[in-house]
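In what comes next, chain A is part of two complexes: it sits with chain B in the first one and with chain C in the second one.
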Partner chain A sequence: MKGNAANQWGPESGRNEALPLDADRRFTGRLVSIFGDNTGGTTILHYLVDLPGAGYGDFEYVVAGPVRSMTPVAPAASWHEREVHEQYGVEFIGHPHLRPLMRHSRFDSGLPSNGSTQEMEESQFLRVQGEGVCEIPVGPVHAGIIEPGHFRFSVVGDTVLHLQLRLFYTHKGTEKLFEGRVATDAVPIAESVSGDNCFAHAVAYCQAVEGVHQAIVPPKANAIRLIGLELERLLAHIGDLGALCGDVGFAVPAAYCARIKEDLLQASAKIVGTRYWRGVAVPGGVRHEIGSADGRELKESIRIAVEDFVGIAEQALRTPSLEDRFEGAGILAPNRAADLAVVGPVARACGIALDVRRDHPYGAYKNLNFDVPTWHYGDVMARARIRMMEVHASARLLLDYLEALPAGPIWLPLPAISTGRAFAAVEAPRGELVYWLRVEEGKIARCHVRSPSFQNWPALPFAVTGNIIADFPLINKSFNLSYSGCDR
Partner chain B sequence: MMGFVINIVQMLLLVLAAPLLRGIISKLKAWIQKRQGASVWRPYANLWKLFHKEELVPNTATLIFRSAPVVAFAATVVAAAFLPVLHPAAFLTLDGDIFLFVYLLAIGRFAMSLGALDGGSSFGGMGSSREALVAALAEAPLFLVLTALAILARTGSLSEIAAWTIRQNFFDVSTVHLLALAALAIVAVAETGRIPVDNPTTHLELTMIHEAMVLEYSGPSLALIEWSQAIKLNLLATLMIGLFAPWGMSLTVTPLGLAAALGTYALKLACLVIGLAVVESSVAKLRMYAVPDFLRVASALAILAVIFTAITKR
Partner chain C sequence: MITDVMFHSLRSRSQLIPVEDLIRDCAGSRMPEIIPELLTAPIAAAAAEVCPTRAITTDTPVEGGCALRLDYGKCIGCGRCVEVGDGAIRPAKRFSHSGVSRSELVQTWQTGSGVEAQAGEMHTSARDRVYALLGRALNIRQLDPGSCNGCEAEITALTNPYYDLERFGIHFVASPKHADMLLITGPVTRNMATAVQKTYEAVPLPKLVVAVGACGCSGGIFDRRNCPVGTLVNLNEEIIGPVDSLLPVHGYIPGCPPTPAMLVSGILEVLNRYTGRK
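== the complex of A and B ==
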């Protein structure tokens, strides 16, 4: 079977395992990530997949020559394979368009990436041709204060025929930055991957480190982490709904949501000393105690904020002029969503019940019975509605947990196991966030970050196609993906 | 002689008080949002700042780009000279100036559209084409509204129409006036680029109409554009007052009468501005392709207004 690697994933050496395919040779799991790792001169591909009923699986593949692309059976593999191709020079046979993902003409020198940065043709745009087709380049610098991203629209009149993304302007080589650091000290790097989800990143990273050390996190620390994670979700969703209203020129709910979000941030600052919970999570537990008096105060702030928010948001979503804008805009078909393995609220708005908190419970979520709300239609309204439902669910969780916080320590020292591999997944506000970690002698040898934004960005063009170009900002906001989290 | 001075004063009032009107609208909207909001004098500070800034001009731009804001400003100021404010007479008046008024506003738009195209950015072109669409659809109803009132008043001059309306009984409101007022309200929203047609405060390039056209402008040019946009809002508000509720205008040129006229004008303007702030705060912006439908309503109302002049007693 040597030299035949391009034709199948079949077990070739002892370490290669077959990925599950059904009788029609369709991939039966959900692709989470594909990434490379270099050990002792050999490149190993990791296929991280979510197998229905069997949990996460980490399939390894030792690279010897070209590898068969996974895109024909799982289109979601496209961006992952392009990234691996760029970082490790791995050739994927059967990939529809294997061109660099991160490196485009805006980068004139090598990237601080993993592995070898290959000299390659620069990323180019597909030309859409035909009568009346017009190309509109937008970005990377925008009129508002938002992150940089370039969008290339091909339009006929006002209707979008095709949209191409060029992201990775904020590529900071974060995965490379992790390497060589002491694993227990690298939380601040994880926190800086995506600023508004920093606590989810910190917790996911800490869980991966705890996985390596086979540590046990005390119940009180898990409870505080749950509070931080749910509060972050609350903040993100309240901010998102306000921003959605702001994007259609509906300033009153936008201003109210901004105020409610600020109230919650200030409550956080008062209780844990930091607005976005930065520096709270550490491997082994958390750094900040929440006493019962603090808990009650935070609970009261959350109760008032959620009450205010539900009042204004329900009223806004029932306003006919807003319904007219939200309904039917930016529909993402469920089969597209499934093909591209989208995660988080975007997936749940297409009826795909996917939630790490229920499917792969971690920390305090292990003791919970969890309903995953879903919605149909996959339009902007569905993505707004699903956020409303998640605000309700998170608020319930928070109020319950703040009522009766467990007693005990908030941090336990890590066992002295300092070599190993682990990965951890957390349901961040934008969806499934995965950290994969390999630690040698206490130092990080490889850290892979799969943010929900990286997974969801490729789905955005499919939701935009067929809409008018003036609706793009609204559709984009309803996805609300992080550029920094995607670019890393 | 006194009348001539008042005519100049009322024209200057329209031009100089325009930024204040904008400031008041922003303040009202901020209050509705339970924010404190910026000072009502903020638009003046903004104009002052822009007039003192360096002007950046795209390399591809020609004279058209630089002259467009000046043409637009001049056209708007001249249009202001035709409006009666404090008494039913204006600085410039001629029979048929309703046509001139409409096309002075159109000249401003035309100049800005050309300037935006000349700027060379794709947003400028997009903004121009959208502005042209809105302008083409808003022109007919505006024109028909003025025609309907001109038929009733049997005169083609804005001042004379106002003078005629004052002589009518306030309670004897005709169907023509109601229809025309509704049509003009819609047109005013579209002409001045307010919600739900356009969002003057958005930062989203792809949704912009008027703002997309001015993206390339900076410094004094931008100041002129912003100022003429503010004047335009003031013009259309004053036009509505002059055509539909001129009562309170001073028929004689006496200090007391003029003070009362100024007071009632301010009151009527305040009502319009509060109405605008409330409407802008309670609806979302229309989807771009729904804007023609919105203006179609204005056209239908305006056509009905013209038809109804035939059966209204004079």
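== the complex of A and C ==
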């Protein structure tokens, strides 16, 4: 660090470029990710940040001993540092609790373990003590068709005093699985990181590969990618609003939204041969042509679906019994959201205008001008309203693009540059999704996936605390985070 | 207001797809189909070469040709074999391997002679017996021991007004203690192994286990045994393997993810086989 050290932060003094701090010694940028990489026996830390006015930056730091923790100046760093500690054995000085994140104690992880497995398991949870406090463990197997995760509630009566998450039950070592694969061949792995957002993952991965190869994607392929991405957003938001209605026992709009979502999935199956757009994106373009007749048909399906959806959802959100449950439930304060660097609809519902499509445009979004709608209050209703607004915005984009698809090829061969590094960000339905890739002679040497869910999960307990435990499913649903995307 | 919602609901028409149209339908699943007459040794070799999960393999050459082995349990429907298949491999429109045993997911064809060398045992049509067999209600507990949530999205679709699994008397229940069948998606991760075992133990007898999706059937893309030959693969110790590496499995529903129609066919097929036996 040089100059006015009080306003800067670096992993260790004098060794690398410093990151800016404000007067309260808080990181002024937005932390995107921290991850490790190993080249020739040296561990390198990457600090991926979004600095106001400067855009994305990838700050590197060679590890030579314990590293100063970034968590005190940017609380969002906490989970990232725990992950790096577990994967690379890096010690972070000043981190509040460097306990394992991904591998539960059944693993022989090689990390120092004090005491028995059972003790270690229990020591991971904060014990809330006092008269009338009781603990409610929930999961990992939940009561429904959902993914696994463990929630430890400490409650007094119905009120939640503290919620601690324990995730990573679906940790599949996916980042490791990428390594050694031919970079242009590994799209199916990216599609299996979070299956319901598989197209956003595929596109983000393809963009990273294209970044390494310095490839140019033809306009038609970019247009088809935009259609896939926005359709995925429509599906996610329509499904979420239906599920939110279902969670407060409002079955009719829930069934309606499920029906409308299915209409769109069937339209996709008919036009591109796959319900969730798996196998469509490929580095250099896309694999499926959308002709003008198909485009018109898809456009008509989307127009009808959105019209139906808006009709039912507007009525549902005006229903007093639903307003009573949605309003004021699960408030996430804007300062907490900013501290934890949350992304996507969760951030926008707290008034944080953040959207990769506008802030760091990619593909066809480079030619677009658009507003990022935000809402205030940060409660369940705000997160529902934000999704409504985004359905409108996505539908407008889709209808415009399907009206006049550009002509030309849908795929171009990649230039023969087979060694390099790149990262790419995409606005997935859940928010900013980042792929960072290092390719050596055509094969993947390191792939880091930062899903929006990884960034947003730590914010959930802050929204739940103080609410009644019966509202937890509703609040959790309003965040709608992917376990698999987070756990990888 | 709420009354508008009700009226809106009453005015709309039924979306229910008749069961006859669901059985064996696989539109949108991208499962491949082999046209035996067009299959040649170079096509078989090219398809095996591009397959990312070793679902397609070729066996030792026999009389100038070779045998193509297709394991639907490993297939993730990436469509690469269709691209190199030159008409001999195309996306299937009908699919009869849902809810069958593991060995029935594997088919082998002999190139050149155009014959199916060793077909899996083809099951009889479920269609005719569906209604007769489903006199009893079936309770399903869905369990995710590590899936990517693609299968969950499609299983959730089973409750929508198009598929409406409740019409057969099949319900999704919240507790394994209420369940007759476990519908298990995804590869089993090491972190979930204990929970999977405990959930299985909590299901009262008699119990059925159905493995769903390429990952559930074979570990799919996450199992290192399915990684293409020649790729340097890290030992993936986070994954234990497919569902049957931990539990006895009665039926397999392949696909990545299986479509709701394949799930309905598969669940009904397992019922067909196992309730008929009693």
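General remarks:
Here, the second predicted complex is superposed on the first by the 449 of 488 C-alpha atoms of A that agree within 3 Å, B and C clash if a C-alpha of one lies under 4 Å from a C-alpha of the other, contacts with A are read in each partner's own complex, and residues count from 1 in each chain.
Please note the rule applied: a contact is a pair of C-beta atoms (placed from the backbone, for glycine too) under 8 Å apart; a residue touches a chain by one contact, two chains touch by 3 or more.
Everything numeric in this text was worked out from a predicted model, so none of it was measured.
Contacts of A:D247 after superposition: chain B is touched, whereas chain C is not reached. When the two structures are aligned on the shared chain, A:T319 is found in touch with chain B and with chain C. Within the superposed three-chain model, A:A255 lies in touch with chain B and with chain C [touch as defined at top].
In the superposed model, A:K176 makes contact with chain C only, not with chain B.
Residue contacts after overlaying the shared chain place A:G420 against neither chain B nor chain C. Of the two partner chains, chain B and chain C are each touched by A:A143.
Of the two partners chain B and chain C, more residues of chain A are touched by C.
Using the contact criterion defined above for the overlaid structures, shared-chain residue A:P373 touches neither chain B nor chain C, since it reaches no partner. In the superposition on chain A, A:P473 makes contact with chain B only, while chain C stays out of contact range. On chain A, the patch touched by chain B and the patch touched by chain C overlap at residues 143-145, 252, 255-256, 259, 319, 321.
Those residues of chain B that touch chain A in the complex are listed here as 29, 32-35, 122, 126, 195-196, 199, 201-207, 215, 280-290. Against chain A, the residues of chain C that register as touching in their complex are 1-2, 4-6, 8-9, 15, 27-28, 30, 52-53, 76-79, 83, 91, 142-157, 159-162, 172, 174-176, 186-187, 189-195, 199, 215, 220-222, 231-234, 236-239, 256-257, 259. Residues of chain A that touch chain C in their complex: 103-104, 106-107, 140-141, 143-148, 168-174, 176-177, 179-182, 185, 188-189, 192-196, 198, 252-253, 255-256, 258-259, 261-262, 265-266, 268-270, 273-276, 278-279, 287, 311-312, 315-316, 318-319, 321, 443, 482-485.
If you check the complex, the residues on chain A that touch chain B are 136-138, 142-145, 158, 245, 247-252, 255-256, 259, 319, 321-322, 324-325, 329, 468-474.
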